[in-house]
Every structure is written in C-alpha cells, then in structure tokens.
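Below are two complexes that have subunit A in common, paired first with subunit B and then with subunit C.
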Partner chain A sequence: MLEASGLMVFYENMLALNNVALRCGEDEIVGVFGANSAGKSTLMYALSGIMLDVEKKERMAGGERITLAGEVRYRGRDIMNLKASKRARLGIVLCPERRRLFKESTVLENLKIGAYLATAAQAKETLAYVFKIFPALEKLKTRLSGFLSGGEQQMLAIGRALMAQPKILLLDEPLLGLSPLMQAMLMRAVREIRDERRIAIIVTEQYARPVMPIVDYAFILENGSAVLEGVRDDLMDNPDVKAAYFGV
Partner chain B sequence: MAVAQRRRERIDRGIKVRTDGFYALMSWRELGYLTLPRFLLIAGLLALPFLMPSMYWQRVISIVCIYAFLALSFDFLAHFVGLVSLGGAFFVGIGGYMSAVLNTELGLAPMLAIPAATLLGAGVCTLLLLPCLPLRGVYFAIVTLMYPLFAARTIEALDILGGTDGIMGIDSFPGPWIEQYFVIGMLLLAIFGLRRLVNTDFGLVLQAVKDNDQAVRASAMNVTRFKAIAVFIGSAMGCLGGACLVHIYMWAGISQFALDFSVLPIAATVIGGAGTLVGPVLGCLILVPASEMLREFGTLRIVFYSLILVGFIVFRSDGLMVWARRKYHQFERWTEI
Partner chain C sequence: MDILVYGTINSVALALYALGFALVYGVSRLPNFAHGALYVLSGFITWSALNTLGLPYPLAILLALLATAVIGAVIYQFVLIRVRGMEISEIIASYAIALAILEGIRYVGFRGMTYTLPVFLEGRTTIGGVMVDYHRLLVVAIGAALFAGLWAFTRFTRVGLALRGMAQDERAAMMLGIDSDLMAVVAMALGSALAALAAILLLPLGNIVVESGYNVLILAIAVCIVGGIGSWFGAVIAAFIIGFAQILTVVYLGTHFQMMVALLAIILTLILKPSGLFGQQKELEERV
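== the complex of A and B ==
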C-alpha cells in the first residue's frame, strides 16, 4: 500500500535517514522502533510530506539545507514530490509527535477541524465512532484541548487524524509520556481502529514492549538506517532486539 | 533503488575552521580572514564622508546613521531579548526633545547635551515602558506603537515644549565633519559594543528570556529587571539618534514622533538580516539612500520602495547579512548521494 525505498534525508550534511526501505500492506499495523535521533520522526515527516514543507521553510529562512532523495509509492503511484496536503487527500494522514493539537479550540472543534476533508455524512459517522472508541472524549467535548491531560490529548490527536478519513494512519510516538495503563488502552484502541475501519497503520515508538503485541511487521531504525525488520514473532525472539527495545 | 542523485553540500572553509579559536592564529592570512569583514565595515563607514562630499549627501549619511541606531535598537530588542518594539519614534522623540531642552533652556553645548539626553531619555523611556514589560510579542508591539502617538498628541494638545511649532534655535554641531564623525563613531561603538554585550553572560540571560522566560524565572532571575536593563540599552540608542537629529536639523518638533522612525528600521532589519546586528545597519545603508534616490519619482516613490521590500521578503527573507556570512565561511559543491 505504502512503500518507500532508498529514502534518504540530509539535514545540511548530517545523514538523518540512510537508504531506508519500508513497506506497509493493506490493513497492516507496522511498527518502527528506534532510540532518540534514530530518524523515526524524520521518516514520518518524509512519508507524510511534511518534510517538503520543512525544507521550504528552512530554505526561505536561510537555515539548514534539507535534501530528500529516494522514492515513496502509494498504491503504485510515486508521491515523493506531492505536498503534504495532497497526500492527506490521498488518505495518508499523520498524527504528529507531541500531538500538536489546536490548543485554543475545544475538543469538538479540534475534531471538526480534522474533518475538513470529509463529507458531512462521513464526519458525523466518524465523530460517533471516535466517541465510541474514546468514550472519555465525549465528556470533555467542550473543554479546551490545551487543558486536557496527556492521555486525553493523545486520544484527541488520534481522533482528529481519524476524522480526515485516512486510508493509512501514521502515528508518531503516540505513547510519549503516558502511563503504562494509558499506553495499553491506546494500543488496544489502535488495534480496534485497524480491525473495524480497515485502516493501515504505521506506528513509531522508542520502547517496543507496549506496541509489539499489536503490530504485524516491524522495522528497527538505528542511526538513520533500517537495521532489522521482520514479522512480530521473529523480532520478539531476536536477542538483540530484546536487549535494546524490551529492556530484558 | 533510485538512480544516483546529487545533492549540493555546504562545507566550512578550512580557514574558517582554523580561525575559530583566536589562539590558533598562525599566519597573516588567517588574521586577515578574521579582521577583513570588520575592517571593511569600519573603513567603509569612516570613508563615507569623503566619498560623498556634497552637502546633500553628507546630510543623508547622518540620517542613515540615525536610522541605523534605531535599527540596531530594534534588532537587539526583538532578536536578543524578545521584545518586538515599534517604539523607535518614541525613543527618537524623547531623546530629541530632551537634548533640545537641555540645549536651549540650560545652555548645554550639543556635545554635552547629546550624551546627557541619551542617558536621561533612556531613563525616561525605560520608566514609561516599565508597566508594559510583562507583555510579550504582539501586545508589547502594539503598546509601544501607541507611545509616540501619545507623546505627540500630548505636546500638541497641551501646547508645551513649543507645541506644534516645535523648539527652534537649537545649536548645531560645531561643524559638518564633527557631526558626521560623531554619529559614525557612535554607531561603530554601538555595533561592536552590542556584539560584545550579547555574548557576555548578561547577554546570554537576555537570549534565554527570549527563548523561555518561565525557565529564566525558575532559575531565580528577575525577568523584568533584565528586560528593563535591555530596554534602557535599546532606548539609549534611539535617544542618541534623536538627540543627534535635533542638532542636525536645529529644530525639535512633533514630527520626531513620526511613524517612519518606527517602521523604516524594521524594514532595514528584514533586508539586512535579523539577529545579526550588523545586518540592520547595512539595511539602513541601502534603504535610506534608496529612498532619497527614488525621490525623483514623486509619489511613485512609495510604490518602488514597497516593491523592493516585498522582493526582499519573498526572495531573500533570511537577509543580506546571513547570506553573506554563509558565503564567506562556507563553500558549496555537488556530491553523489
């Protein structure tokens, strides 16, 4: 469904992504694991097209020169030069790291803003669905999103991404700073979303334990390169992976 | 696998790396590499009065320097303290009136009145801006925009300080050369002084205030005090410009509170490169003479002027100085990925 090959990103002369190949099939949950600065967020930016925007901003402001190379294919179509907004229209929706909610809007407004690409009927149906999988949000409908707790904010961020009617959802570190209980709950919800909405999902995380049970296939990034990949059970048995990403 | 692609990389010049530490200087070449840009600036500014000997252009040079004070002050406050000040006109007006009063009422010679007006004026500006210091971003900008209007209308309505006629009969500088070299000298002092200041521990705290004032507060530092000192320094430069201005025109009036003094320095900062301190001065050196040369076009002047500005913002929004600095320190080459 979404396929990247030879993906390279340079920040000035620093290599942030080195020849990364990644693929995600229909209805699959793919995990991407790596430590800080391994290139997870850069990968998500490159897949969602935000990188093009960052590159342009840096160029205009005379900052770092960012170079992108390689190929990103979506259902066989090369989308490497497609803007982030166009990619979102195709159904590639990013739920960014640190949530990036519209802090001064209420929960309901955030969700409605997310539904910009949806028809009225879709929006209504998805809104009901978001409140079904995240019942906590319904009670907070009129609260400003900036005042929600971390877990509630993350639920809202995922909900907002869902409102855009994604075909493939990119979740960038959705568990950042959440309690283990909240992490488990979110991961159950993510699996439910995949099962019920038939959405492919790519999820990045530093610590693999809470995410591993729900993924079908996983990649491990180290210093910008995809050093290991495999189906879940293979990776779980790999001693190196156990040591580095499960804390065993 | 994608076909072989190329990218353009930027590499620091060897000489830049070698001269990064002062103690590593090995040759005249390296010494020259470090001092050349500074030398060019100093020599260029000092040579200007000789290169433009006509009365008219000498006056323009003085005005350039006065705008440069304001641009420096704006750049310092906006990019090193985080206070976007639109109060350039306020500083000029206060400094100007202060020097005019000191000169006409107390009979101080211009060379005494100007430094006195600079310090007193900066004190007055700081005191008046003190209540606004907790404001940030656009709120501070709006409030400082109101100050010059407030001052001008007060003088007009109460008919104090000469009212709409202004204060006349102010002594001029002892001579045109002294006038020019005084403002140029003070400008060079301000540039290099600020450059030093922002790299001291005090300057670092100011930059921290800009980045995250809550973190500075949490480090047990009084943010308002630091901001007040910064405003004193910034407004002192504006007041110095204003004080010089009234002695050049031999007249102080409410047009010293005109919006030009607030807006043109900002435009110069955008063109020259924000946060570089030297950039805004270069911006003034381009903008003020350009605006003089465009005078022939009459009212179309503003159109051309705006086009220049828009062009710069759209195509070179990093500013001249940032661009020039990169070209000086780095070279580019194509590499295969």
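== the complex of A and C ==
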C-alpha cells in the first residue's frame, strides 16, 4: 500500500536516511525500531511529506540545505513531490512525535480541527468511535488539551489523526514517556483500530518490547539505514535484536 | 460619563483597526504592514464607487469589501509568499506595498480633506446626558456583532477551525490535511476585508486622508503588541485599555497627546512584559 525505496535524506552533508526501503501492506501494522537519531522521525517526515515543508522553510530562511532522494509510492502512485496536505487527502496521516496538540484548544476542538478533511457524517461517526476506544477523552471534552496528562494527550493525538480519515496512519513514537500500563493500553487500542477500521499503521518506537506483540512486520533502523527486517517472530528470535531492543 | 461613552467608542474603533492585523499575524505569522494602506484604499474604493460610478451605498460597500479582500489575497499570493518566514523581509516587502498603495493614491489625485463618506444614519441622541450620534452607536453595535461573529466563525466552521489550528501549530495542521498556503491566503483576504470593514465603519466619522493609513497601522500594531501578538482576545482587551487611556489623555492633557499613548503603550509593554498581556510568544522567551 505504502512503499518507499532508495529513500535518502541529507541535512547538509550529514546522511540522515541512507537508501531505506520499507513497505506496508493493506491492514498491516509495521513497526520501525531504532535508537535515538537512527532516523525514525526523518523517515516519518519523508513518508508524510512534512520533509518537503521543512526543506522549503530551511531554503527560504537560508538555513540547512536538505536534500531528498528516492521514491515513495502510495498504491502504485509516486507521491514523492506531493506536499503533506495533499498526502493527507490521499489518506496518509502522520501522528507526530511529541504529539503536537493544539494546546490552546479544548479536546473537542482538537478533534474538530482534525476533521478538516472529513464530511459531516464521517466526522460525527469518527468522533463517536474515538470516544468509544478512548472513553477518558469524552470526560475531558471541554478541557484545554495542554492540561491533559501524557497518556491522555497521546490518546487525543491518535484520535485527532483518526478524524482526518486515514487509510494509513503513521504513529511516530506514540509511547514516549508513558507508563507501562498506559503503553499496553495504547497498543491494544492501536490493534483495535487496525482490526475495526481496516487502517494500515506504521509505528516507530525506540524500545521494541511493548510494540512488538502487535506488529506484523518490522524494520530496524541504525544510523539511517534499515539494517534488519522481518516478520515479527523471526526478529524476536534474532539474538542481536534481543540484545539491542529487548534488553535481554 | 463622557469618558465612558467616548472611551467605549474609541476602543471599539481601535479593536476594528487591529482585528485584521491580528488575524493575519496569528494565522501565518506575517506582520502585514500594508494593513493601514488597505484601510485607506478601501475608503477610496467606496468613495469612487459612490461618486464616480454612482452606485448605491450598500453596493459600494460590498464592492469595497470584496475588492480589498481580493487585493489582499493577490498581494499575498504574488509578493509576500516569496519572502514567507523571513520576518525582516516580510516587514520590508509589506511596508513597500503600503507605500506604493498610499503614495499611488496620492499621485492619482486624492489629496486634501475633501473626501468624505456619508454616515449610515443621520441624527443623534443622548445617553446619560452625553450627545452621541447614531452612526457612532452603530459602529459599537456592528463592532460587537463582528467580534461575536468572528468568535463563532473560528469555533464552529471548518475553515475557521483550520485557521485556528494553523495559528497554533502550522505543521500539525498540515499533517491533518490543512493546506497552509491556501489558509494563509484565506487569512490575508479575511484580514484585508476586516481592514475594509473598519474603514467603511469609521471613515464616515471624518475625512478620508492618505496619512491616516500610517496612523491606523501604528494603532493596530500598538494594540497587537499590548494584547500579545497573535492573540485575538488579547487584542480586544488591549484596544479597550489603549482606547480609554487615549480618551483620558484627551480629557485631562490635550488632544495632541493622543497618538503618544499608543506609542507609550508599545514601549511600556516591551519593557514590562514583552510577550504582551495574552501573548504566547514563547520563542521570544526562549531566545532571551
């Protein structure tokens, strides 16, 4: 469904992504694991098209020179030069690292802003669905989103992304800084979203243990290159992976 | 009582000046220094539509609103978009446009104190012993309706919500499918239309003179800085603070100190609380 090949991103002369190939099929959950600065967020920015905006802003301000190369295909169509809002319209929606909620808006408003691409009927239906999988949000509807706890903020970020009617959801480090209990709850919710709404999901994380149980296929990034990939069980049996990402 | 009535009227006028400027800055972080020029320009468009084309007043107003909105959008789409994100260039470019518009108007021959727009309603009444003409009351009423309308627009409509999302985090908005370039054009058109609306409401109270373009710009900037740049609610509160301060100085010090109040307010705000009353200018704090 979403397929990247030969993806390269340079910041000046620093290679942030080196010849990365990645694919995610329909209804699949794909995990991307890697340490800090392995290139996970750069990859998500490249897939969602935000990188084009970063590149443009840097160029206009005379800042870092960013170079993008390679190919991103969505359902066979080359989308490498499509800007982020257009990709979102196709159904590629990024739920970014550190959530980036609209902090001066209430929970409900965040969800409403998220529904920009949805029809009125879709928005209503998705809102009910978001409150069903995250009942905590319904009680906090009128609270400013900046005042939520980390877990609640993450639920809202995922909910807001769902409002945009994604066909493939990119979750960038959704578990960052959350308690193990909250992590498990979120991962259950992510699987439920895939099963019930038939949305493909790519999820990145530093630490594989809480995410591994729900993924179908996984990639491991190191210094900007995809060094390992495989179906979940193969990777879990790999001693290198165990040592690096499971803390065994 | 004088102070209360005229303070309120003056404050609403200031808020009207500032609203368009605050909207454009809030959404696309663009300090639109052509705001005052658009204000004067729409005044002359209305005047020309009335006197040269001979259109009826409501039609002339509608034409001026639409024309100014389109001019604002065109200025953004063809000039300002090229310097987007470079603050100094944005100020220089938009100020250059302001000069071109204002001096262009002067060049065409609109000089002196002879240009006036008719008031909407003739006549006057007294409130608590103070004489007020109907038009000033109408300005307050329409101003209040406009604030309420804008509040509802940014909370209950798709485009309004998208504008608010973009004002808070442009990139997060893009991830949700909001086209930031399109929204910036919409904001600029809306901001220009607000400048035009302010002109149409307030110019009948005096003459249309080119110089007022510069004053309106300074007042709009003063209100936005005091209120916290980017905060619409802050702008309205600041308009009332500066508006009443101006009327108080007029009553107790003299008319010629009026403009000083706005400039003094800018200086005081920058010394005491650089982010303004309700500002969310965190980058500034981080940089310091």
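Heads up, the rule we're going with is that the second predicted complex is superposed on the first by the 248 of 248 C-alpha atoms of A that agree within 3 Å, B and C clash if a C-alpha of one lies under 4 Å from a C-alpha of the other, contacts with A are read in each partner's own complex, and residues count from 1 in each chain.
Here, contacts are C-beta pairs under 8 Å (C-beta built on N, C-alpha and C of every residue); 3 or more make two chains touch, one makes a residue touch a chain.
What you see is a predicted model, and the numbers here were worked out from it, not measured in a lab.
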Superposition on subunit A - do subunit B and subunit C clash or fit: clash
Dominant toucher of subunit A (residue count), subunit B or subunit C: C
Touching partner for A:61 - first (subunit B), second (subunit C), both, neither: both
Which of subunit B and subunit C A:25 touches, first, second, both or neither: neither
Subunit B versus subunit C as contact partner of A:13, first or second or both or neither: first
Partner chain in contact with A:104 - subunit B first, subunit C second, else both or neither: second
First (subunit B), second (subunit C), both or neither touched by A:71: first
Which superposed partner A:135 touches (first subunit B, second subunit C, both, neither): neither
Stretch of subunit C, among 80-88, 188-196 or 242-250, that runs into subunit B once the two complexes are superposed: 80-88
On subunit A, the residue positions that both subunit B and subunit C contact, one per complex: 60-61
Residues on subunit A engaged by subunit B in the complex (per definition of touch): 5-6, 8, 10, 12-13, 60-63, 65, 67, 69-71
Subunit B residues touching subunit A - in the complex, by the definition given at the top: 1-2, 5, 7-11, 316-319, 322-323, 326, 337
In the complex, subunit A residues that touch subunit C: 48, 50, 53, 57, 60-61, 83-86, 88-89, 93-96, 100-105, 109, 112-117, 160-161, 163-164
Sites on subunit C touched by subunit A in the complex: 83-86, 155, 158, 161-162, 164-165, 168-169, 171-180, 280
